[in-house]
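Below you will find the structure I want to go over with you.
So that you can tell them apart, the chains are marked A, B, C, D, E, F, G and H in the order they are listed, and the count of residues begins at 1 in each.
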C-alpha cells in the first residue's frame, strides 16, 4: 500500500464506501507485510544514488566473467550506472559483449558506464600513494572518485623514506578538501601527510609487501595506530570504499 | 500512532470530522517517525519474552555493583523478570539492597528474579562438562536454562581422557532433547558426545587452561572443527548464550 | 558375541551343555575384545542414519575425482545413500561413470543419491544469505537440508546495509522453525535476523571477502560475538554442518 | 632565520652593508640547519589549532597523575587549550591542584580547559552507541567533539539485535552531517546505520565484550569489512580520534 | 554387573533358577547401562596408576586454597597419592591443615604426598634449563619425575648464547635415557641438545620473556620447528606433562 | 689433528725429535682451529646413524627434482642410506635415473634406499589415524618407522565421532610400546587414545580441514592442550619427526 | 630556487635592480613551494648513493617482466646503477632486451649493473646460512653486499642441530667485521653465532619450512627473542635489507 | 687440562716420566670431558667483556628484589661490572643493602656499578624517541649505551605527525655514527630517520599504545616492513638489546 493507495482508501472511508473498521484492518495488514518499500525507505537509497551515482557496485573478486557480464547487463538494463571493481581483462571482454558502451580502466581494474549525471564534488580530492606497487589500489580509488563526480589530483611515488618528495608536494596536498592515502608495507604515509594538512585523511592499507607485511596487516595496524589525528582507515586494498567515503565528504 | 489511534482517526474521517487528505498526511508522518513500536514489531520481543521469560539480560562484566543494582531495580520495577550474568558477590549485595527478593546463585554467578511464569520446555536439557574448572560456565548455562523453564540434567566431570566416564553416562545423554557441552583446553568433548547421541549439541568453549589454550581459543577452534555433525558453537564462556539457544530448541 | 549368540550360550548353560564357569569366561572374553559392535552402539549410528539419511558423508576437498568415485561406489554398493560435498564437475564425471544414477547440484557442489526414504522435518527451514558470493555455501546448506527431508525456503540477497530487504522478508523469516544464515565479510546478518524471530539461528560464516576479512575470520568472530541471543555458529563455509544441525532441530 | 631577519639581511645587502656572497651563505646555512620552524611550517599546526582548538592532546594512559598534572600545567601556561583523555579521578585531582579552572567529565574520562574560541561546526554531529558498556568511549567522542565546537546529538542504546530501536531513531540519524558509531562485540551497528543515511560514518570499535571479542578485534574486523559504503574506522576505543576526524569533516 | 555377579547368574541358569531368556535380558541390560566400570576398563587406569603412581593430578591454577584442600583431602582419604601443581604457599597452608603429612616444594610449586611405592625408572632422566627464570617450570618437571620414581639430574643455566656451558655438560647429557629441556624466549636449547645426544628430548616452552616472546609462543614455535630430530613438545609451562611422558619412556 | 697424529707427535716428543714447547703449541693450535671433527664429536652422529640408520634426511619441499636427485646421489655414493620425504613422482623419476635401486612409496611420498642394517625396535609401534585425508602423513610416519627398524601396526580410520571404532581397536593399541597418532581438524584423537593406554603417545597434527582449521593450527592447539598425560606433539604434518622420536623410544 | 639563483637574486638586490621587499617575498615563496630539492636534501641521497652505490632498488615481486624492464631501462638511462631483487629468469630476459649489459645472478634472483665505483667496505662481511633451502635468501644478501663493495665470505650449511659444523667455522666467523645470519624454521642460528663472536649480527628469518613455521614467523620470533646480545633482525626473506645495513656498518 | 698442564705433561713425556701412549690417552680424555673452558672459548666472552664491559646482564622482570640482590652481590663479588635492567625501586633498595656503591637510574629502571674501564665508542650514538611514553625504553637504551662507553645524544619528542620537529633535528641526527630509534604505536619514526641519514638505524618498538597497537606488535611490524634501507629491529621494549648492538657498531 503506497501513499496513493492510502489516500484512495481514506477517501472511500470519507464517502462511506468503506467502513472505518475494515479500513483500519487493511492499513495495518499492509504495513505489517511490507512496511518498508512503501513508506519511503527506498528513498534513502534513491537519494544516495542521486549523489553518488552508483546504487549498486559489483565486486569482481570470486565471480566468473560470465557472471559479471550477466549482472552488469541487468544493472544497465534497469537504467542504473554500472561500476565493477577488481575486474580483469577477461571480465571486460565478457561485459563488452553484452554492454558494448561500457568502458574499461585496466590500471584500476574497473569497468564502468555512467547512465546518469552526478552532482560535482565541492573541492579537490587528492589520492596519494607511496610506491608503484600501490598504484592499482590508488587508481581504483581515483577512478571511482572521478566517476562519482570529484575532481581528482594524483600525488604518486611519495614514500616516507624519501621525505623530500612528500614535502615537495606540500602545496598540492594543502589544496585538497579530502585526501586518500594508499600505502603498503609499514603504512606510515597517512600519518606524515595528516601532519602536513588539516583535512580528513582516508587511509587505505595495501597488501603489497612480503614476509612480515602479512598481506597488508602491518600497514593496516600502522594506520589504525596513527599518531596523527584526522586519519580513518578502510579495509586492505579497498580503494573503492575509500573513494566512496571521500566522495561523501567532498559533496557535504 | 498505535492501532487504536489509527481507528479513531479513520472514524473521524468516516464522520467527516477530518478530511481524507490531512488524515493521509498524519498517517504517513506517524509511520515515518516511529514505524516500529506502534505497529507490531514489539510483538516479536513480547512473544520471545513470553516463551523465554527474560526480555533483557544484564551482562555483569565491566559494570560496577552500583550500576548493576540500578539497572536491576529498573527492570524489576517495570514488571520484567531479572537475569544478571557474571555477577560477583558484591554485585548481589548491591542488588539485594534495592531488589530484596532477588536470588543469587554463586556457583553460576547469576542474580535472578522471576516475575512471570514461563512455558515449560518439552524435554530434558542436559548440561555436560569436562572438568571442575568448567563448572562456573556450566552452571551459568544450567541455571539460565532452568530459569527459562527447562528441566536440566547435569552430567559433570566427563573428560575425554577418561572415556569410561563419558560412556558410563550414555543413558542419561541419550535421554536428552538437546545437550549443552562445556569444555576448555582441547575442547574435544562435544565431538565425543555428538557421536553418541542424535540430538543437537551446543558447544561452549571455556577460557580454562594455560599456555597454548590461549584463553579458550584452542577449545573454540577444536569445537568449530568438530568431525561430528550436529555440533554448533557459541562464544567462549558464553553459558548464557548456549542456554538461550538450547531453550529455544527445547520449546519448539 | 551378539545378543543371539549370548542367548544360545545361556540356553546351553540351562541345559547343561556348557558349565557356568566356562560360559562366564567366554562372555567376559568376548566383551573385552569387542564390547561395542555387539552391544548396541551401532544402533546409535543406525538411528541417526534413519532420521538424517546419510550415515557417512564424503568431503570432496583434498581428494581426487578417482578417489571420490571409488568411495562413492562403495557407499552406494552397500545400500547407503550418497552425499558428497565440495565436489567439482570433474568429480561428478568420475562418480557418474560408476554410479550412473547419482545427481549433481553444481550451484551447491554436491553429488547425491538417495537410496532410502527419510522422515520429513516438522516445519520450514529457511536458508538466508547476504550476498551473491555466499550462494555456494547457502546452496550447500539448502540442498543438504532438502536431502535430509526438510522443506527449505531460500531467502537470498538480504544484506544488513540494505535493511529494507531483510525487513521486507520478515514474514517468511517468522514462518520458519529454524533458520540458517550464511554471511561473509562482517557477518552481521545473523544478529539482525535473530532479533526479528524467535527460533534457533545457525550462523555460517563464509570465506568470501578480501583483506581484513581474513578468509572468513572476521565473519566468524562477528557471529560468535552476536549480541542477539539464539545464535550458534559452525565452521567457516560449513553449509553441510549447518544443515545437519538444523535438520536435527527440525526433526525434534 | 625568520622572515623578519631575512628581510633585514636583504636590506643590508641593498644598502651595501653586507655583500651578496656572504649573505647567500648565511641564508643557505640558516635554512639547512632549521628550515622548518622559521618558514611557515608551524603555521600548519597553528591553522589546525585555530580550527580544532587543541594543538596538543594528552593521552592519560600510562602516565602518573603527577606527570599528567605537570604536562597540563605547561600546556595551560603557554596559553593553549587543554585536553586530557583516559584520565581517571586521581589524575583530575592532581591536575586541579595546578590548573584550578580545569573541568572534569568523568563519564568521558576527559579533563579539559578551553582557553580560546573555536569555530563552530556546520551541522549536527551524531554519536551513536550500541550498548551501555560502550558509553565511556561514546562520551569521549561526544565530549571531544563538543569541545571542538560541534553540536552533538547522542543516540544511545541502539543495538542491531533490536532493530526497531535503530529504526526508531532514523529521523535523528538522517539529520546529521557526520555520524560517529561506537560499538563493541560484533561491531555491526555502523553497517546498519550507514545503510540508513548518506553521510560519512566514522566507526569506533570498543574493547567491550569477552571471549572471542578479543578485546575489540572482532568489532574492528567487522567494521573494516562493512558491506555498507561510507564507513571508515579508527583504533579500538579511540573516541577522541573519531571526534577529531568527524570535527574536521563538520568544519569543511 | 561385575564378573562375580555374572558368574552367580550363570550358575542360577545352570541350576534352573533363572531361565535363559530373562538371564540374557539381564546381562544385556546391565552391559548397556554401565559397560565400562564393570568390565576391565578401570584396569587401564589402575595399571597406569601402579606405574606412574598418581591416578589423578590437581592443577592448582584457578582454584582457591580451600578448593584445593578439599580435593586433596578427598584424594588422600581414598588412599591415593597426592600431587598438586601450580600451588602457592597459601594453597599449601590450606592443604596442610587437612593433610598434615603433605610436603611442599616451593621452587616447583608442588604439593605432594606419596601413599604407595612406585616402580623405579630404568635410567637417568635429565632436566635441562636455559635460564634462571625457567627454573620454576624445570623444578615442576624434575620434582614430578622424582615423585614418579625416576632418578633425576638437573643441568641448569645452559643457554645457547653461551655454548661452552652446554658443551661442558655433554657428558651428563649423554648419560641420560630421556631428557626434558625447558626454555623460554627463543626456545633453541632443545635443538642444540638433541644434536648432541641420541635419546628422546621432551621440550617445554616457558612463558618467560617479554614483547615478541608472546608469553611463550615464540619458544613454542621454535621447538615445533626444531631442525633436530628426536624433539617433541608439550604445552607452554607444562613441566608436569613433560615429566609424565618422560617417566613413561623411562619406565619402558 | 686426530688421535693418531696426536700419538705420533707425543712419540716424537718422547724420543726428542720435537721439543715439548713447540709440541704444545701445535696441539693447542690444532684444537683451536678444528676441535670438533677430530675429537669425537662426530661419534655422536655416527652413533645415532647406527641406531636410526639415516644420518641425513632430505626434505623434498621446496627443492626441484633435479636438486633432490643430485643430493640423493651424493648421499648414496658416500655409502649412507637414503631417505627423502615429501617427494612427488617427478622427484622419484629424477632420483631413479641416478640411483636405480631407490624405492618409492607413493602413499607416503617417500624415496628410500637402505644401505646398512638397523637395529630392530624392541616392541610394536602403532600409527593411528583419524580420517582418510590424514593417511599421507600417517604413511610418512609408518614407512619412516619401518625403515628405522620398527615393527609397525597401522590403526586407521578411527575418529572420535565414532567412538566404537577406537574402542574396538583397544587391544591392538594396548599392545604397542609407543603410539603415533595422526589427526587433523579438531585433533582430539591423541587424548582419547592416551586415555586408553599407558605408553607414550606422539601426536601429529595435520593440515587437513578448511576454514577455522587454519591449516592445522586447530589440531595443533588441541593436541598441546590435551587433557591426557603422556601426549607430546610435533610440527604440523611432520610424520617423519614423529617416527624419529617414536623409533628412538622404541630402541631404548 | 637553487643556490645559484639565490646568489643571482642577492646580487640584483646589491646593485639595486631588485628591492629588498620583493626579493624577500620571492625567497620565501620559493622556499615554501619546494624547499627540499633546492636546498641540499638531495645531497643526503646523493651521499648515500656514493657509498652504497644504488640510489634506488627495484623489488621484483608483484611486477611483470615488462614493468621491471621499463623501470630498469629508465634507471640505467639516467646513469644510475641497477639492482633488481626477486627477479626470475623471465624478468631477466625482458631486462636484457633493453639493458644488454645487465648481469643476472640466478641463485640470488638478482639483476644488476654497476655504473659507478663504490667505496670498499673496511672488513670482511660473513653471510652464514643454516640449510640449503635458505640459500636463495643468503645469496641475495651476499650478492647485494658484494655489489655494495664488500668482501663477502659465505659460511653455509651450519645448522644448530649439528653444532660441530658451526663450531668448526669459528675461525672464519671470528674474522668478520659484521655477520649476516640467514635461517628458517626455528631461527636459532643467530643466537649461537652471536655467542661465539663479538661483532654485530644481522639476522634474516626465511620463509622456509612448513606447518608451524608459519612462513617464517617462527624464525622471526626466535630471532627477536634471541638471548644473545648483538642480534638485530630484518623482515622475513629480506636478504637485500640485511646486506644494506651490514654494508653501512662495514663502511663506518 | 689447561695450556700449562698440557705443557707440563709434554715435558714429562720429553723427559721419559710419562710414556707417549698414556699421555695421549690423558690428553684425549681431558679434551672430551671439558674441551671448552680450557681451550680459549672463554676468551671470546672475555674479549667481549673487555669491550662492552658487562659479561652478564640481569633482566629484572620476573625476579623478586631479594633474588636480584643476591645475583647482583655475586656478580660484584667476582669483580665484574653490574647491570640490572627493568629494575624497580624496591629492587634497588634490596641491591643497595648488599652493594652499597651501586647506582640507580630510575627513568631507565637500571641498576649499575662499573668496576672496570671500558673502551670509548668511536662516534656519537643518538637515541631518538617519538613520544614521552617511550622514554623509559629510550632511557634504558641511552643509559646502557653510556655505561658501555658511548657518547650519547638524546633526541626526544620527535614524532612523524609533527615532521618539522624531526626535520629540525636533522643536524644532530646527521652527526651520529649509529642511531637507536624508539617508537610505539605505528612505529614509523625509524623509516623517516633512516631516510634522512646514512648510518645504521636500530629500531626499538615499544608496547606503548592501546587497542590495535597490540602491545607493540603494530610498531614491530611497521619497523620490520620499513621502506627505508638501513633499519634493523630488536624485540619490543628491548632498549638494552638495541644499545648492545649499537655499542658494538660504535666500537668497530
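One rule holds for everything that comes next: a residue touches a chain if its C-beta (ideal position, glycine included) is under 8 Å from a C-beta of that chain, and two chains touch if they have at least 3 such contacts.
Worth saying up front: this structure is predicted, and the values here are computed from it rather than measured.
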Original post:
Between D-G, E-G or A-H, which repeats the contact pattern of C-E in over half of its pairs?
Top reply: D-G
Original post:
If you tally the C-beta contacts, which comes out ahead, C-F or G-H?
Top reply: G-H
**OP:** Average the CA atoms of each chain to get its centre, and name the chain whose centre is farthest from that of chain B.
**Re:** G
Subject >> Self-contact between copies chain D and chain G, residue sets same or different by half >> reply: same
Subject >> Averaged-CA centre spacing for the pair chain E and chain D, given as whole angstrom >> reply: 55
Original post:
Hey, how far is the Cα centre of chain D from the one of chain H, in Å?
Top reply: 39
Original post:
Which integer distance in Å separates the CA centroid of chain B from that of chain G?
Top reply: 59
Original post:
Of all residues in chain H, which are in touch with two or more distinct other chains?
Top reply: 32, 35, 162-163, 167, 195-196, 211-213, 217, 220, 224-225, 229, 235-236
Subject >> Those chain pairs that satisfy the touch definition >> reply: A-B, A-C, A-D, A-G, A-H, B-C, B-D, B-E, B-F, C-D, C-E, C-F, D-G, D-H, E-F, E-G, E-H, F-G, F-H, G-H
**OP:** Would you tell me which residues of chain E are touching chain G in their complex?
**Re:** 130-131, 159-163, 167, 185-188, 191-192, 194-196, 209, 211-214, 217-219, 221-229
**OP:** Report the residues of chain A in contact with chain D in the complex, numbered from low to high.
**Re:** 44, 47-48, 51-52, 57, 123, 174, 177-178, 195-202, 220, 224-225, 229-236, 240-242, 244-245, 248-249, 252
Subject >> Interface residues, chain F side, partner chain C - complex >> reply: 132-133, 162-164, 167-168, 171, 208, 210-213
Original post:
Where on chain F is chain H touching in the complex?
Top reply: 3, 6-7, 10-11, 13-14, 16, 19-21, 23-24, 27-28, 31-32, 35, 39-40
Subject >> Residue ranges of chain F touching chain G (in the complex, touch as defined) >> reply: 32-37, 41-42, 45, 59, 61-63, 71, 205, 207, 215-217, 220, 235-238
